[in-house]
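Next come two complexes built around chain A: one with chain B, the other with chain C.
Coming up: the complex of A and B.
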């Protein structure tokens, strides 16, 4: 265990944890968009910037990647931090002016409008969907393609993915609702910013409801080594 | 050159014996024609010159009288293709294949071809010898000097000059700690841009916990206008290998990588040949020189992404992943390539190592300033008379580099600024020309050493346009991972484009400054955090130019087309018609002799061809 100070408050933390993790455990708010406890931290949105003082040196670091250390002093807000967060929100607001989640976070951080020309995106490229698809689901159906300002979220070559199982984890984890899915009749539709896919849903043998994509169930069945009839019934009709 | 039969060397004595054998087989007084086969001279037609020399020597059966050596870059690219006659060091410049028979016959007779000598522009005097040419006089060519003594594809050339003897000394007479101490004492700082003390880095890597350790040579130089590392790797690859070997021994590494961009085909080729030849002689591989020390080097070719010169992105790329940087809160010397302790240095840093160990830290530290020791290679380009590669002692002033070595600005134009440190360096104005060049001084004026690019600008350069150029470059090279760099550079580029096209508004300068502060503070890697430098320095030193663009919709240098208008001064125009011929879009009409020409503003594309061609000042640029 190490002892550190966050905003003047002394807290105990496990070694190896990041400042953001420890702050959340202690109910200290640090804004962030690209962090999720289930996947490897990425450090791309830069909103979780904090000021740390250790070894007599003060510097800005991103709290989702910086590990706690004994005697570390952390400031989660200051004029400098606020100025950086506000500029980042101005940039995101210019990229995604019509995204409600981003508008809301911008307001919360004191940004009402952006100084830049407006684009019209929904996705802000935090790669949470990509990381969940790879690290949690384990299929890597989507990735970030192209470089720099042309960066985009897509399936390989923007074509329907062979490996996507239609589970919708990407939509679930997206912090700004840039990915959606809906089930209509016997079909699931997943809408990414640059492409769309359809999946056939499995019908429950007992109640007749369509309840999950066939590909997803087949994937889980194989991963968990379950018998062929494991998912014949939906969870409600299972014994 | 006679090739010695290769045999694995198994002791320092065998290495020394081989060196003596090579030296004995060579007559130091024999005339040797040295031709630069570096990329610059090849582009100017050096291959034809090389072929012509071969034919001429063959034709006259002069093989015993004249040796021929194709080497790497000696630096004076402006005057290429370059030919030097050794051992006297007679320099012939801008040599063409039709000059060859004259050079050969003069050389055999001991004469000199006067017309191919360099003329000093100040005195009008012809200069015979290479070392007397002003371009070379103020240089201190510790690293580049051997380029013209070595055919990089022949390891014997390097051995003849005592190559690998320093490695031998290290392996048998020095402990790893002693090597690290020596490098620390020499004060060598990383030449790739950061300027981190090399010895300290090595020590951290040696002390880090890990199963294995790696050393990497960064030859991913990608700055526009820079070719320092390229020329070293092309011209003297064994000096880089020897440096890596010494470093690997000091750190305790047995595997090295040279990460070189594939757009440097000659560097890739020569590094490959050097690794093969060193391996055949037992200078790489298992049990080097019988010391028990093993070390191998592999080449990894980069795909040409600028960001892959950043150490963590480079390592990701080497691992076969997308070349994107990661946060360096855990240093690469602790967890680098494949999560193992990894020491990365750039080409020039590695090439300095054998020199330091051979001559001692005290000798090395005599050159340079308090905080920056040794020499630095710069590629001097832009509006400068002597374009080329220059190696100067740290602490030399910018003025000396630009005027004494570089020969000043062409066409007697006025100097305006020099951009140092690559695309994320800063533009330094005339008032700072007497600045001694070292890592810290350049940082103080808002620029940086970077890897050593130096781009000179004259009065005809628009500083807003220059800032836009570098920001556009960086925007194209940003990996796109973090928000400030990806989105911030895009917005900077938009604002600068608006300013140069007449759409600048009040508040743009302040917005650029605010944006710059965020990029510097919060970007993930150095590409983003240093990217604002060209913008901030041009605002700091040339704010009036920004204001002229924004407030008066005027480009003082006459570069930004949307802000420039060309007019005919009817009083002064004699109707000579020169401008009519020069105009590429037929916007100017000849109205007959002694009548002023007429310029159609609708058709004019504002290229300035008429302005450049008119000697009477009858074209007005507003």
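Coming up: the complex of A and C.
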């Protein structure tokens, strides 16, 4: 265990944890978009930056990646932090001016408008979906491709992915709702920012409702070593 | 749904074997594949991903990240026109325009006969020789628009 100070408050923390994790455990708010407790931190959105004091100097670090240490002093809010967060927010707002989640967070951080040239994206490239697809689902169907201004979220070759199971975890976890999916009739549609895919849904043997993508159920069945008829019925019709 | 399995490319197999299937050598492997085919054909990326047992997303991300990799077929000869500051002030843009006109392609494109691919670069560190054109690995300094045609004709 280490002891550190966050905003003047002394807190105990497990070694190896990051500032952001410890702050959340202690109900100290640090804004962030790309952090999720289930996956490896990535440091993409930069909004969670805080000031740490070490060697008598204060410097800005990204709290989702910075590990706690004994005697560390952390500030989660200061004029310098606020100014930097606002600049980051302005950049995000310029990239995704029509995204509601980003507009909302910008308002919270006191950013009304951006001085940069407006683009029109929904995705802000935090790769949370990529990490969830790889680390939680375990299929790795999507990734960030290209570089620089051409950086984008896509499946390989922008083509329907062979490995995607249509589970929709990417849409569920996206902090800015840039990925959507909907079930219409017997088909699930997943819409990523740059391409889309269709999945056949499985029909329940009892009630006849379509309830989940066949590929997803097949994937779970294999992972969990379940019998072939394990998903014949939807959860409502199972005994 | 498995990919339409084209016959595995034996050359790619040999390259992968020479790296003992080490996933951390991905960039080197792709470099060797590109040296072999002049670009990275789609099925080679799939094959690399399968043989190294890493997701295709990772191979594709790496292949699209580096400018040195091309996913489109390229010409037998790669023309690089330097547009760095020194070359620029000495008229590199006119050289580029002349090559574009001569070959009827834009930077990043390849001639229909796959003879030339035109690319631009922002300084090759040979500023004293500017404006400079590099074809494959041969440097031609002090280029002039009226020398372009002769230079291009010396390649087959």
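The rule is short, and it goes like this: the second predicted complex is superposed on the first by the 237 of 239 C-alpha atoms of A that agree within 3 Å, B and C clash if a C-alpha of one lies under 4 Å from a C-alpha of the other, contacts with A are read in each partner's own complex, and residues count from 1 in each chain.
Note that in this section contacts are C-beta pairs under 8 Å (C-beta built on N, C-alpha and C of every residue); 3 or more make two chains touch, one makes a residue touch a chain.
Remember, predicted model here, so these are calculated numbers, not experimental data.
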item	value
Chain B versus chain C as contact partner of A:125, first or second or both or neither	first
Partner chain(s) touched by A:221 [first = chain B, second = chain C, both, neither]	neither
Contacts of A:24 with chain B and chain C, given as first, second, both or neither	neither
Partner chain(s) touched by A:73 [first = chain B, second = chain C, both, neither]	neither
Which superposed partner A:147 touches (first chain B, second chain C, both, neither)	both
Touching both chain C and chain B, counted on chain A across the two superposed complexes	144, 146-147
Residues of chain C that touch chain A when the two form their complex	1-3, 42, 45, 55-61, 64-67
Touching residues (chain side chain B, partner chain A) in the complex	305, 326-327, 329, 475-484, 486-491, 494, 511, 514-515, 517-518, 521-524
Contact footprint of chain B on chain A as seen in their complex	42-46, 49, 60-62, 65-67, 80, 83-84, 87-88, 91-92, 94-95, 115-117, 124-125, 144, 146-151
Touching residues on chain A, where the partner in the complex is chain C	130, 134, 139-147, 155-157, 162-163
